[in-house]
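Read through the structures below before going on.
Both of the next two complexes hold subunit A, though its partner changes from subunit B to subunit C.
Then we have the complex of A and B:
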């Protein structure tokens, strides 16, 4: 057993010494802690007796730091200790520069890093030791451990009825979106220069809007779009290399996984924002594309930068972004709405996405896509998700238009059952938010805990599935004040953790700022705030009032009632058109984009 | 040593507290300060007046998405 002498060369402060003594003893070392106020002479005298592998001294007070510490180094030299005893120093008053200048073998700043301390005692390189002992980062599976067993048989029966009707309805139907997805898959299987690929591309263009055709045929770019240049592409890898380590937002436990959204418009800027999120502890990322891209038939191609929000969906853009994402991070490419929903799944899978995003009711209302069109494209997309073996998440953001949560959840459940029937793995995303419905109804006037608790807990009465509150958590509670914004996000993350969420999506502290792009520092704000609050909470929890139970009962009953209405209607697409999943009175209208494009 | 401004990822935020009468005066002072500091592409992200003054956060975009970035020009080629 190696011996280490721990000495607080400080008249009062010895907390670090006590902590180190416990940690080193647990690690199997003989840790001798000397009392505060010990002199350099006394430390060396003890070292001559104990012959330790290392002397670790700490100093908190700034007064006479250099004089005190250099005295110890001189005495150790004079006593002939240095060949077999390493001298290390740490503490608030000691900088790396001072320690090195005074002749210490090692200097420790910041939080206690035990692998580094042990490496120092053992005379091993500290960086290597940290890397060796850091647990390998393994990409998590969000759906692992969930049985997808329905707990509420009434809801299960209704969903079976609704989804059977829908699957029957989409049979033998297609759209330009499903055709392009098929063509895109075929093109991806062809070599770049093959004549077959050119032939397929011509067929592809026949299914595209004129603006997209003109991009391929004449090279004309939409407004605000430019090609990335060679210099940018050559330099980017120098900034996006894998990080040796990153912070963790969580303090205890492995969940929730922390997701952030990006989509600055420029893949190069996205890559930088992704590295910022990775360094500050994000576990996953969601790709946001421009809303205009969802309104056009067909997707552009190549490496394209865009001056406005949302990064253009092309295979090259996605691959460039993927190259910046660390292998252990999860990556979701959204295709939950719009005319390119099936093709988005194809490109996402080809670029290496881990998760897809599909929601027919939301995309066909809040997402502005025609319900019939998105029903056809959405079911096709779920089939792709199943074939690719990729889980898909189901955002419930229609609540933001004013839809009551029981209607939104009815839609999430229909998508869950549809996914399961088609062999895919769904992840429902109930929104933790202060929605217009809640404001009007006054359901959250006292606190934000009860309703959000009811909204997450109700799922455990219906199905054993991973629940991922999004998107982002705390929607409509944010203001442009960065402290407030980071605080409310962190509070929602902590509540989600307390309620057993599998993952959460977090905004930046620029969530409510609308005059410009999200800044890198705003991304750090919320990750840092969540880390602090999760540290503060640890394994402790929130205490909802009895209202949470009452709201949960109401919500469950509302979901059942809504699903009964949808089942009774006997036509899921008609149910969307007629407002059973969100009506004009709620603030939702059936989408119009792509109307009349479904083909028998 | 190259320009620090070129290494700004995207935006510079400046937070301060103005001693002033009301939000309107705070806004005027914020924009005047941005001018005095030679900041460009400036907006006020947040402004809250209470009592004797206002807490303000100003933002100046150095690199907007889609532009050519100084930090990329300075990055080592991989």
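Then we have the complex of A and C:
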């Protein structure tokens, strides 16, 4: 049994020492805690008797305290202890630089990290030892443990009717999007220099807009787009080298997984943001592409940077970003709307994505894509998701336009059933937000808990499926005040956890008001705030008012009613055009991009 | 190869400023230089006070031992040569050569054994002079250097007489008479020599505390001609031992292992009380090892915390009064304020042969 001496070197405070003594004793060490007020000489005297593996000192740093700490280090060296005894220091304001200046071998600050402490005592590199002593981080499966069994037979029946009609409707149809996806898959299977690949690319370009053709044929770049240069790529490792080790946002339990979204326009900057998110505990990331890209037929190629929001979807960009993501993190590439929806799934899978994102009703309204076109492309995308074995999530962000949640949820359920029928694994994403509908109807005037509780709980009455509130949680509760913004995000994360959510998507604290790319520190704000609130809450819960039950009943009834209307209409695409999943009165209009491009 | 340690009585006493002045003169003299640190040096801003710090600017061809993680922290381009067997909070220590001149961050071996290994490697590279920058008031690793520069000033204490008293005491510790090495004495034992010159060993600790002194006292039953304490000792404990065994120790030799052991324990001024008491009892004090203290540098500036701004800013004591007070107490080695111009011949003070003077 190794011995460790713990010394406060403080006249009064020794809480950290007591805590460490308990943890080290539990870990099988002989932990000797010296009392407050002990001098450096007394610590060294005891160390000479006990011959410990390490002396750990706890002391809040202030001016002249440094000399006390360095006096201990000097005395240990002069007394011949250092070849056998490691010296560590922890406390407020003690940084690695200060620790080095003082002559310590290890520094501990922030929350107690026992694997790091034990690695230090055992004289193993801390970064290595953390990985060694903690269980290897395994990429989680968001859909594991869910049966996808419908609990509400009425809704199940209606969904079966609606989706059968839709699958029948798309059966003989295709689009430039589905053709490009097929060509892209064929091109990916060919060697880079093969003549067959060139032939396939020519066919591909025939399915593209002129702007995309001109990129491939003449090398012209769209406005605001440029090639990444070598220097940017070479600097990337250095930009993320000093980030701390990954923390967990959660305090108890394994769920919800924490997702953040990125899409600065520049893949290198994305990689930095990803590493920051990873360091502060994100479990997954969502790739956001520029909206103009979704309105062009065809995708660009190569390593490209974009001066506006959204990072361009190319295989090279995606592979560069994937290379920055730690293996245990989940990665979602969104393709829920636009003219390149099927091809996006192909590229995402080729680049190593873990999750896809597909939603026909939302993409065909709020996402501005023609409903008929997206119905064809969306079903094809679901078939790809099934073939690739990748789960897909279904964002419910049409609520943000003013659509009542029962209509949005009806759309999510149609996509859920559609995915299941095609062999894919759906993940519905009801939005936790303060939507225009809620404001107008006054449903959230007293609190934000009841309505969000109803919106998440209602799913457990309908289907046994993973629920992932997105995108991001707390939408429309954020203000330009970063503290407020981080606080409201954290509160929504805590509520989502309490309601058993499988995952949540978080925004940065400046996401809604950054007027450009978000900042890394704002990304940390919300992750850190959520971590703190989850620590505060632990296994404790929220207490909704009776209104939550009432809202849940209304919501469930509204979903049933809306699905009945859609089923009665007998044409899902027509139902979208006609506003059954969100009407102009709600704030939604059927999309127009790609209209008339569906081919029989 | 000559190695010079730059130690201080406290943080911000001017260790790096002194080292930089020697660096500049050594560079002009064409010496092949080596640089290392037992702490963290070369940062732009002090980690505790937030005040600007002097930075190292190394010419091409300089050899450095610094930690892996700070190799690219300065503007100098460093070419790694080998990884040493010492690790720091910033990764393993690397022996590297400055390929393109520029600023440096130095995080070298933080203990005596590590510094010893680094100096050996620098010597093997043909370095003429190694400058070892210290950290705060740490002295112990400097035991293996060939010479020492001690920096003191208002950052140690703003009372000039206190600074002068302390500098005087430190100087005394480094100028104690030295006995010839006694071979490999265990540091956790005390060696008694009786009136016939016969020695006996008493097992103890490499740190003599008051408790250990009481136990030792009980074991010295007869008058002795010598007592040797190879390890570290606290001055209060030695004083206690002397009082406890007055009759046995009167007229004896009291031999300490190293002047650095004394300097590493408590305030040097406390040792003067021990020496005075010993003198009154005809006890003669010796050390087995010392390190030549070559000069003392003064810094009248000190960081002062201002409650209004919540930040540190530099304040200063009267520079001339400080120089007068310290010079008045130190007569055997030079005392200089490094901010005074022109700067003295530091290489001469440090007994460093320049190229042209080499035999």
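The rule we apply is simple: the second predicted complex is superposed on the first by the 472 of 600 C-alpha atoms of A that agree within 3 Å, B and C clash if a C-alpha of one lies under 4 Å from a C-alpha of the other, contacts with A are read in each partner's own complex, and residues count from 1 in each chain.
Assume a contact is a pair of C-beta atoms (placed from the backbone, for glycine too) under 8 Å apart; a residue touches a chain by one contact, two chains touch by 3 or more.
Since the model is a prediction, treat every value here as computed from it, not as a measurement.
Enquirer: Does the superposition put A:226 against subunit B (first), subunit C (second), both, or neither?
Expert: It touches subunit B, and subunit C stays clear.
Enquirer: One more residue to check, A:464. First (subunit B), second (subunit C), both or neither?
Expert: The answer is neither, since A:464 touches no partner chain.
Enquirer: Is A:264 in contact with subunit B, with subunit C, with both, or with neither (first, second, both, neither)?
Expert: first
Enquirer: In the overlaid three-chain picture, which partner chain does A:519 touch, first (subunit B) or second (subunit C), both, or neither?
Expert: Once the two structures are laid over each other on A, A:519 reaches subunit B alone.
Enquirer: Once the shared chain is lined up, is A:83 touching subunit B (first), subunit C (second), both, or neither of them?
Expert: A:83: touches subunit C, not subunit B.
Enquirer: One more residue to check, A:26. First (subunit B), second (subunit C), both or neither?
Expert: neither
Enquirer: Per the contact definition in the header, classify A:238: touching subunit B only (first), subunit C only (second), both, or neither.
Expert: both
Enquirer: Counting only touches as set out at the top, which of subunit B and subunit C does A:97 meet: first, second, both, neither?
Expert: Touch status of A:97: second partner only.
Enquirer: Which of the two partners, first being subunit B and second being subunit C, lies in contact with A:482: first, second, both, or neither?
Expert: The answer is first: A:482 touches subunit B but not subunit C.
Enquirer: In the superposed arrangement, what residues of subunit A touch both subunit B and subunit C?
Expert: 238
Enquirer: Which subunit B residues qualify as touching subunit A in the complex?
Expert: Subunit B reaches subunit A through residues 9-11, 13, 43, 45-46, 48, 57, 59, 61, 63-66, 68-69, 71-73, 75-78.
Enquirer: Which stretch or stretches of subunit A touch subunit C in the complex?
Expert: 41-42, 44-45, 48-49, 61, 63-64, 66-67, 70-71, 73-75, 77-80, 82-83, 95-107, 238
Enquirer: Which residues of subunit A touch subunit B once you look at their complex with the stated criterion?
Expert: 224, 226, 231-232, 234-239, 241, 264-266, 268-269, 272-273, 276, 305-307, 479-482, 510, 513, 515-517, 519-521
Enquirer: Subunit A touches which residues of subunit C in the complex?
Expert: Interface residues on subunit C, with respect to subunit A: 10-11, 38-40, 43, 47-49, 67, 72, 87-90, 107, 110-113, 135-141, 143, 187-188, 205-207, 209, 211-212, 231-232, 234, 258, 260-261, 264-266, 303, 305, 312.
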